[in-house]
Amino acid sequence: MARQRPNRRDFLRTAAVAGGVSVFPAVLRHRPSWAAANTVPVGSLLDKTGGINIYGLPAIAGTEYAVAEINAKGGLLGKQLELIQYDTQSDIANFPKFAKKLILEDQVAVIHGGITSASRESFRPVIDEYKQLYFYNIIYEGGVCDKYVFVTGETPSQQMGPLAKYALKKYGTKAYTVAADYNFGHISWKWWDIFWRNGGGLEPVAGAKRGQHVGKVEFIPLDVTDFNATINRIQEAKPDVLMSFLVGGAHINFYRQFAAAGLKNKIPIISTTFGFGNEHIVLDAKEVEGLVACYPYFDELDNAQNRALKAGMKKKMGNPSYYIGDAGAESYNGWHFWAKGVQKAGSFEREPVTKALESGIEWDSPMGRVKMDPASHHTIFTMHLAAVNSKRGWNVLESFPNIPPTETMQLCDLIKNPNQHTQYQPK
Amino acid sequence: MRRVSSAELLSALVLLLPLLAVPWAFKPYTANVLAVYMIYGLLAMSLGLIWGGAGIMSFGQTAFFGIGAYAYGAIGLNLINRTQQTHTALLGGLAAAALLAAIVGYFMFYGRISDVYASIITMALTLVLFAFAVSTGGDEWVIGVARLGGFNGMFGQGESSQNIANFQIPPVTLWLPGMTEPFAFKINRESAAGYYLVLGVSVAVYVLTRALVRSRLGRVAVAIRENEPRVASLGYDTRFYKFALFTIAGAIAGLAGMLFAAWGRFVNPDRFGLAFAASTVVYVQLGGRASLLGGFVGAAIIGHLTSYLAEVVPFATIPPDAGPWITFLMEAGRRIVREAPLLVQGAVLVGVVLVLKDGVTPPLFRVLARHRRWGWWLLLPAVLVYFGHRVACQQADLCVF
Amino acid sequence: MPEPILEVSGLTKQFGGLRAVHLDLTIDAGELRCLIGPNGAGKSTFFRILSGGMRPDAGTVRFRGRDITGWDAFRVARLGMSIKFQVPSVLEELSVFENLHVAAEFRFGNRGGRRRAAEMLEVIGLTERADHPATWLSHGEKQWLEVGMASVGEPTLVLLDEPTAGMTVEEVKKTVRLLRRLNETATVIVVEHDMNFIRMIARRVTVMHQGEVFAEGSMEEIERNEGVRDIYLGKGAHYAVRR
Amino acid sequence: MSLDTAVIMVLEILNSITILVLLALGLALIFGMMRIVNLAQGEFFTVGAFTVLASTRYAHLPLWLGMLLAPLVVAGLGIAIERAIIRRLYGRPLDVMLATWGVSLLLIGLITVTFGAVTQGIPFALGNFSVGRYQYPEYRIVMTTVAAGLMLSVYLLFRYTAFGRRARATIANPDMASAAGINTPRMFMLTFGLGAGLAGAAGAIMAPIVGVVPTMGVLYIARAFITVVVGGPIVLLGTLSSASALGLIEALISRFPLFTIATAGHCTPPPCEISIGGSAFFGQIALLIFAILLLRLLPQGISGFWRQRQ
């Protein structure tokens, strides 16, 4: 900011004290390079390498497929998309760095990406500082309420409502919870506490049984691999059902060790995270068969859009048994949501696109009908409850159309109060 | 007192002039990245100081870096809204890092733990801190309004604001008497103040450390590296010298950590992790531990290389009609490039130990010193012309090429 | 009547079942004492205990009237005792001048240390090699540098472990001159095998055998002593002959 | 505490000790005999696990055969690395440390290139048994047995074979040993191979209960080192005693909360307090802190302390 300098002496003192030049002329031009060109740069930040790439690789596949599909159909507003991807290498420090690069150097029209909540929160300030349109396309703990951010992943209430109702009906009222020890696990636990004790809703559900907790919730660091003591504590507590918010490669061992202790048929498991990192493919069917999860997308879903997506992805990956997964499908959906916003707005600029998306865009995706909620910038899904089958896949048990991200919607209204850049947590 | 030689003046000019011009010559991203390289360079220099200086190989220099960053963050978050400055946080971060280094140093050197044992203890230290920091995700881990935040890193809690920026670690904010507005750490389109702060601190710390190495403390430290019993028999309490140098190095690492926290406005447990510890050692090893500049050179080379690899990772897909051998080779090549940062670091560690014991900086400097006439007449003008043109092109659209 | 500067009583060090050192010894201020004895007699172990590099199992060492048993090396050095190790242990990567500077700086500070170091360079005759790394020096030159380092801090007692090992006759003569000069200001204890050298410098000789004081006296007395000849000179005669 | 809880407690402690012994044995051998710190040991462990994975999943060999194969493969790898790199660096302990660290990073990278970064599993068949209210997997008992068996074999190898005698002579005094006609470089090479093989065996045995992933060695390497350093110079005795002490501390602190500290956060459900002890995290922290304190008191490690006392 080239402010008026009070006087020369003052300036010199400031400069001397600050150890350098503290004011810098705003000579650098800021002009989107896509104003005139035939292509539009768009950015994606996903972990192609490192520990998080079990989620990153499917998301990258979904991203590349969606952008190629849009370009094949003639691009957007007559321009081809130029996809710029940086590998964030599962290192959180890379997110703000590459976000700045995408914004300042590449001047992209939109950024998609971020996987862990930690990575998202690390560069959301950059997004806000530069008022950059950003899509977060993955399951998370809910509550992000930010004018510049759109979320196409599911949130706790979308998963936990159906799961809680199912578990209360089928298994019983006593639950034990294990969760990954970072903000996803902690915030998920807070929502789960509310949903479980209310019988499957944010407010007490009329006529439903009320859940209760046995034992103390256990937060497990992401690098723990030996769950012996945890499994013994679960046995001590004797729950009717076990809720798992475990995340990542190391935590996969939990399910195996749980089965090895002979508990698989004694204590059923429900989870909002299982399967998301392809756990059901890594593990043996007999170790986790019957585990119940709830997602908006399973490869097993049968509809025209999904059949087309599956065929196309298998061809692209050169693997006839390629598994798209929730992460892949949500990235795919995220790009299409953005494309629909751009088409409706007739512009790549942030404000018109935001307005268009806030008009309530709705379409038939491979997941089924999805709709962008204008006030919260979150997605309303058809949710599917499914159990792991004996062939390393899922059997869809039940579908629930039009499930809103209630916990975020009740707190966040970006139409009424647009100057919000925060993340709400349960009280 | 030694006079500054012509070769030293030349290298200072060749290094400093471009660095000073960077915010004017490139888009702000370049200044952002260079600032991180300099911050990592400071950290690496602190390792070089005790490793090259006194022969103490500290795997856990990152512990002091992280502690500095966390302490700065915790104090800054608590005080910024009350006092509008971060002076206390800066002092607190420096004190925390120095104190931790002093405790560990006292424990090791007065306990006569040295050589590989010292390396393993410092490694254990940084891993303890990593395990600790990762496990503080719960709501109960809070210092005033600063949540430690576990795996996510530190953030503030409070009801007062709707803006995430107010929950973040504050940038370095200095408000000294006589200033009409505070100095704020920023590197963006409007201001490069943060960049110049990092550059200024790096140069200042480098100069001070260089003086330190040439002082009695530095001379005795080198003597200890060569032959500790001999130095003790000359009447020096070698434990104290190692302790003092270790503490100073810890404080420098803490300073780098604070700058890092202010740069990214966040700090997370990865700063204590083994991978970061490894890269710090790689920086020093590659740059050369005999030279204080080595850490900076190593950090810049590796930083640029990994960044480059992350950017050029071939995201291209293999054509479905390619033959099996082509597919195999392409897939193999793609996977190797994908893992390249790790492979490069590993190769540097093995290669430098086996082949290039002094790292790259001393040979580079020797070449420059030997051919300093060419340097004065060719290198310096070339640098001036290139950066002059960049500045003219960026600032006034006077691009010739 | 000269004061005793070093009093050693009942000093014992065991390695496993082997008793390496077990002795009583008194050195007067201003002496130049030679310590001889066959290999394994415990001379080097004795030096290491004196200079604080090793803790004795029993017994006391009094130096300048203070009990220094079990002190750390640097404290012993500060009280005025310095040592030249058996294996040359100069600071290899440092220059010759820096070696002396580090040794002198402790007593005389930076400036004073520089002056003393320069003077010492003259004394040991290495002025022309001042800027060379110590590792470039010849074996004899390293020995002189070490003697220089041991004496530049103006100690009251200097321990020299085999200062002439590996030297030519000319070099030995120069070393003798060095020692004489050193002895003008400090008490000196020398461990040596070279009998010619000892004859040149010694006034009083102590013979050690199996960790104990076997005999003590002037060089003539020692050479006349039958027992000494049996344990040492007989066996060690080849040293004298070889040189 | 009821009887079944007490039995489970003992089994948990035994399990902690077993894992530490498995991790540390090979490392202790290399450190104890060659005085070098091998930072690639964690990746030897990883390669062992991947050998089992590759042989069962891709070559369709039975699990036990894969587990027998793993130590051999890793021993071969160890010998190759010793010949190519470490041999040139004897007498430079810090450089060995750095070079093996580089080898470690290279191995992680190469394994990832070959197998991908995805966690993979090796299913196994053994069942479990009941202890009162609890069920406990049999495989963990098998692991303890194998760990004991490995220690016993190493003991017998060093006590009663010609190789063992030469190896002990080489540890005691390498110069003397080579003067007596022992080929010391060859002894070092074989020792390194043996230490690597033991790590491979550990990786193979632990593969079924942990996820097999290229970075798995990193999770264990620090604990292995702490165990070795605390154990001190006598390989078997030191490893066993330090694994026992550290495993006991880790298992106990993991299980029992010690005390709580109240803080000012917003917790669900309240009150907001930090519970010290009673989780895996505090178990690991306690292990590390205990190890550091012990090293301050006994710089030579536990077995070094015993040796001095004698």
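Per-chain numbering from 1; labels A, B, C and D assigned in written order.
The definition used in the following text is that contacts are C-beta pairs under 8 Å (C-beta built on N, C-alpha and C of every residue); 3 or more make two chains touch, one makes a residue touch a chain.
Just so we're clear, the structure is a prediction, and the values are computed from it rather than from any experiment.
Asks: Along the shortest chain of touching chains, how many steps lie between chain C and chain D?
Replies: 2
Asks: Name the chain whose C-alpha centroid is most distant from the C-alpha centroid of chain D.
Replies: It is C.
Asks: Out of every possible chain pairing, which has the most C-beta contacts?
Replies: Contact tally peaks for the chain pair A-B.
Asks: Chain A to chain C: how many Å between their CA centres?
Replies: That pair's centroid distance is 75 Å.
Asks: Using mean CA coordinates as chain centres, what's the chain B-chain D distance in Å?
Replies: Distance between chain centres: 33 Å.
Asks: Rounded to the nearest whole Å, what is the centre-to-centre distance of chain A and chain D, using the mean of the C-alpha atoms as each centre?
Replies: The answer is 37 Å.
Asks: Could you work out how far the Cα centre of chain B sits from that of chain C, in whole Å?
Replies: The separation of the two C-alpha centroids amounts to 47 Å.
Asks: If I count partner chains per residue in chain B, which residues reach a count of at least 2?
Replies: Within chain B, residues 131, 134-135, 138-139, 338-339 contact more than one other chain.
Asks: Chain D: which residues touch two or more other chains?
Replies: 112, 268, 279, 281
Asks: Can you pull out the residues of chain C that are in contact with at least two other chains?
Replies: none
Asks: Go through the chains and record each pair that touches.
Replies: The list of touching pairs comes to A-B, A-D, B-C, B-D.
Asks: Under the touch definition given earlier, write down the residues of chain C that touch chain B in their complex.
Replies: The touching residues are 51-53, 72-78, 82-83, 85, 89-94, 98, 101-103, 105-107, 110, 149, 153.
Asks: Using the touch definition from the top, list the residues of chain D that touch chain A in their complex.
Replies: 5, 8, 12, 15, 19, 112, 117-121, 123-124, 126-128, 133-137, 139-140, 208-211, 213, 215-216, 219, 251, 254-255, 268-269, 279-281, 283
Asks: Quick one: which bits of chain D touch chain B in the complex? Just the residue numbers, please.
Replies: Touching chain B: residues 37, 85, 88-89, 93-95, 97-99, 101-110, 112-113, 218, 222, 225-226, 229, 263-268, 272-274, 279, 281, 284-285, 288-289, 291-292, 295-296, 299 of chain D.
Asks: Which part of chain B faces chain A closely enough to touch in the complex?
Replies: 23, 27-29, 32-33, 36, 131, 134-135, 137-139, 149-153, 155, 161-165, 167-168, 174, 176, 178-181, 183, 188-193, 195-197, 199-201, 204, 264-266, 268, 270, 275, 306-307, 310-311, 313, 315, 317-318, 320, 327, 338-339, 341, 394-396
Asks: Which positions of chain B touch chain D when the two form their complex?
Replies: It comes out as residues 57, 107, 111-113, 115-117, 119-121, 123-125, 127-128, 131-132, 134-135, 138-142, 144, 147, 157, 274, 278, 281, 285, 332, 335-336, 338-340, 342-343, 345-354.
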